[in-house]
Amino acid sequence: MIRLRRSQAVAGLTTGRITAFSDGVFSIAITLLVLNLHVPTVPGKLLDQLRTQWPSLLSYLLSFVIVGIYWVAHHNMFHYIKRSDRPFLWINILLLMCVAFIPFPAGLLGQYSGQRISLITYASSLILTNLMLSLLWWYATSNHRLVDQDIDPHFVRTVNRRNMTAPVVYLVSIGLSFLSPLASLIVFFLFPLYYIIPSHIDLHLTPTSRTKEEPKEHEDSTGEDSSITGGEGEEDIS
Amino acid sequence: MIRLRRSQAVAGLTTGRITAFSDGVFSIAITLLVLNLHVPTVPGKLLDQLRTQWPSLLSYLLSFVIVGIYWVAHHNMFHYIKRSDRPFLWINILLLMCVAFIPFPAGLLGQYSGQRISLITYASSLILTNLMLSLLWWYATSNHRLVDQDIDPHFVRTVNRRNMTAPVVYLVSIGLSFLSPLASLIVFFLFPLYYIIPSHIDLHLTPTSRTKEEPKEHEDSTGEDSSITGGEGEEDIS
Amino acid sequence: MIRLRRSQAVAGLTTGRITAFSDGVFSIAITLLVLNLHVPTVPGKLLDQLRTQWPSLLSYLLSFVIVGIYWVAHHNMFHYIKRSDRPFLWINILLLMCVAFIPFPAGLLGQYSGQRISLITYASSLILTNLMLSLLWWYATSNHRLVDQDIDPHFVRTVNRRNMTAPVVYLVSIGLSFLSPLASLIVFFLFPLYYIIPSHIDLHLTPTSRTKEEPKEHEDSTGEDSSITGGEGEEDIS
Amino acid sequence: MIRLRRSQAVAGLTTGRITAFSDGVFSIAITLLVLNLHVPTVPGKLLDQLRTQWPSLLSYLLSFVIVGIYWVAHHNMFHYIKRSDRPFLWINILLLMCVAFIPFPAGLLGQYSGQRISLITYASSLILTNLMLSLLWWYATSNHRLVDQDIDPHFVRTVNRRNMTAPVVYLVSIGLSFLSPLASLIVFFLFPLYYIIPSHIDLHLTPTSRTKEEPKEHEDSTGEDSSITGGEGEEDIS
């Protein structure tokens, strides 16, 4: 009676709707980070009490930047991912589960920044998030499952490798925490620069196939999508 | 003086706007779940204190997946629901009331996972949410009230039946909790797989009428709607 | 040098963007209501502790419905409001300030439902919200400032009157609270039905001018707007 | 192998998507402000306990308006910013980090409104936010980096100057707090009017080049963008 059409079963959940829901979770998780800073309620000199919160403030700054990096990476991926299917949908939900979890280890790191267990929890949480991000990209790109056929294979491998850098670095920082919690913390704060500094990211994230002469065609092919979020590129808006 | 035009009275509240508001509530409720995990504030060995929170962590994982399932189901339904009226609008608000409530029983389950009362509260909360979801679909589809005339009746019944599976299973788990809270918990964790594993969902959610040859026509008929969320199907985007 | 173009000064803040921001605040405020329910943390019989929370549960239900009513009213208004200017923008921000405040009196009502002061705080908060909603509609419609010229004057007055019903009723309920807090509470729970039950709302919210023969024209005139949120009416989507 | 195309490296992060994410953070931060008001949990006369919260209520009102001002300014800027690049993206994320932080100093100001340290923390937080807003505008407009070539240079300078007014005023209020905390508070409450009262804002925010005769052309040039958020101006919608 019922014919199987697996690829269309989640037709209602297009990449556009997945992105909108994901953006919601990203923006809420990043804003909830501030709840880890507490207005002192016990009596005492206010300045002294605020001073005890500077590790929480540093954790806020660090975690905000890290969730920001994940959001940028997620969006850059969805720029190339054109389709969706059920496994992909659930890998993305598991990724969001990791992202929405970050306020907890962030609070832990702020409250107990000198203790190894909070460093390990924080690093583990980020490792899991990165593995999910890697899985999402690997699943979408292997056999061109959810991306265009003409995507540059070198580019796909480069993103795969970049995604796997963070888990390795955070594993090292866990090892470091047994020697010196401070050294581990320094890794936490320096490593995000790897994803923020332009030259690196641009080198890896720009596919060979997208030359100066053809962006117009590319934009046209995703024209339907671009009308949702306000235009995909400079060409559409200006 | 005033002519009654009931069907248009809530013309400003189209399915597109209802979906946007619903997505907001879904993404906030799912992200608030992490607030049930508490950074220890009383003195004591940190690792021991974190160990006492693993039930809360499990409750986070479970509840995140369950809200995710509701979001997927909600969106799949709205793929077929083309119109809105006032009763439908308020059934949807009641459904959101149930979804936004889930962080409370989720926190209860994490804190008191061994106590029957928290198992019953959690199951009851999910039963209510599923009943609202069932009511929403039943209201929209009976007499083709808010769906297209050519929707497959077999498909409508299948979704109705699937929606009613969860209340029955959660009722059974409430019964089980009187024999063994652990058995009840196992049902909680295994049952979501029924909605996640592809084969099952695809079998039920794909209407007979949507054959391989005609998706283009279908997409066209909802072209207005698809332009909002970035394209309804693979055909639109790729 | 600089020519004054007041009407365009906030051109970047169109009704579409104001609606998107407002929807965000509405959906967050409505979801934060659940934080007024507390998982018991002190030792004691769990069932007994949960029983003490049923006023908080009732306050959750009531406040969720009330914020829902405001969201519906806000959207219905923005269906007719076509332009924006700076005073309108700030009246709307003040309205959102009232809406975002509701979780506080809602928590108070749940915790101290028998005390007059919490009833008065709750009612006052709703009175303020309704006055802002009235001001928003009055400002937009007087002299057809931000609405179309052909809007039915009878319809405008009807909405004005409906907006002012709630402040009067809540003032009465404040008076009642001095005689009997319970009577005041009953008014709280019964009055929202006035805004939910279809016949009333449809009678008032449907302008005379929108007859069965001409909706197509109306929809066309707002075609630009409808493409954002997924179609304004049934005609657009089906 | 890989050709560098820096300008397109973050092609997936258009101004439309950045705005959507930013709106999320703005609307969540502004709604979280209410969590600084606490339902009394210790025994005592309820009215007396609520009276102690009026500074928190004033801080809520003030901070809601201030975040509202930032949101309006952010949107007005993005009305002119047509492109995005990686440094701009990260300046915006740092700005959001400042905005999302505001609930903490707002809570501090409410709880300890008489103490200089909370006044300084609040003012410093706003200074940082304004500096980020200034940096964002300066980066986007210098050398017409991310704006159109025909943007009025006088207008660009005027916005630059307006953006730098707040840091100066808040620095003065920090100085004042050493003489009189109350005087400092009065500055906090009066200064936002500078950004709200129409005449000032309109004078500065309206570029000379946008005359009454040419808005149509302007709207057309951003037609792609306007279709997302519901139309840019009155012309599009009416």
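First chain written, first letter: the chains are A, B, C and D, and each begins at residue 1.
Criterion: a residue touches a chain if its C-beta (ideal position, glycine included) is under 8 Å from a C-beta of that chain, and two chains touch if they have at least 3 such contacts.
Model, not experiment: these values are computed from the prediction.
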Interchain contact steps from subunit A to subunit C (minimum; 1 if touching): 2
Minimum number of chain-to-chain contact steps, subunit B to subunit D: 2
Copies subunit D and subunit A - interface residue numbers shared by over half, same or different: different
Most distant chain from subunit B by Cα centroid: D
Rotational angle, Cα trace of subunit A fitted to subunit B, multiple of 5°: 90
Chain centre separation (subunit C, subunit D; CA means) in Å: 25
Sites on subunit B at which at least two other chains make contact: 24, 28, 32, 35, 227-229
Pairwise touch network: line, ring, star, complete, or other: ring
Which pairs of chains touch, using the document's own definition: A-B, A-D, B-C, C-D
Footprint of subunit B on subunit A - complex, ascending: 1-17, 19-21, 24-25, 28-29, 32, 35-36, 82-83, 86-87, 89-90, 93, 96-97, 100-101, 103-104, 107-108, 110-112, 115, 117-118, 121, 148, 221-222, 224-225, 227-229
Complex interface listing, subunit A residues touching subunit D: 20, 23-24, 26-28, 30-35, 37, 39-41, 46-47, 50, 60-61, 64-65, 68, 71-72, 75-80, 154-155, 158, 196, 198, 201-208, 210-212, 215, 226-234, 236-238
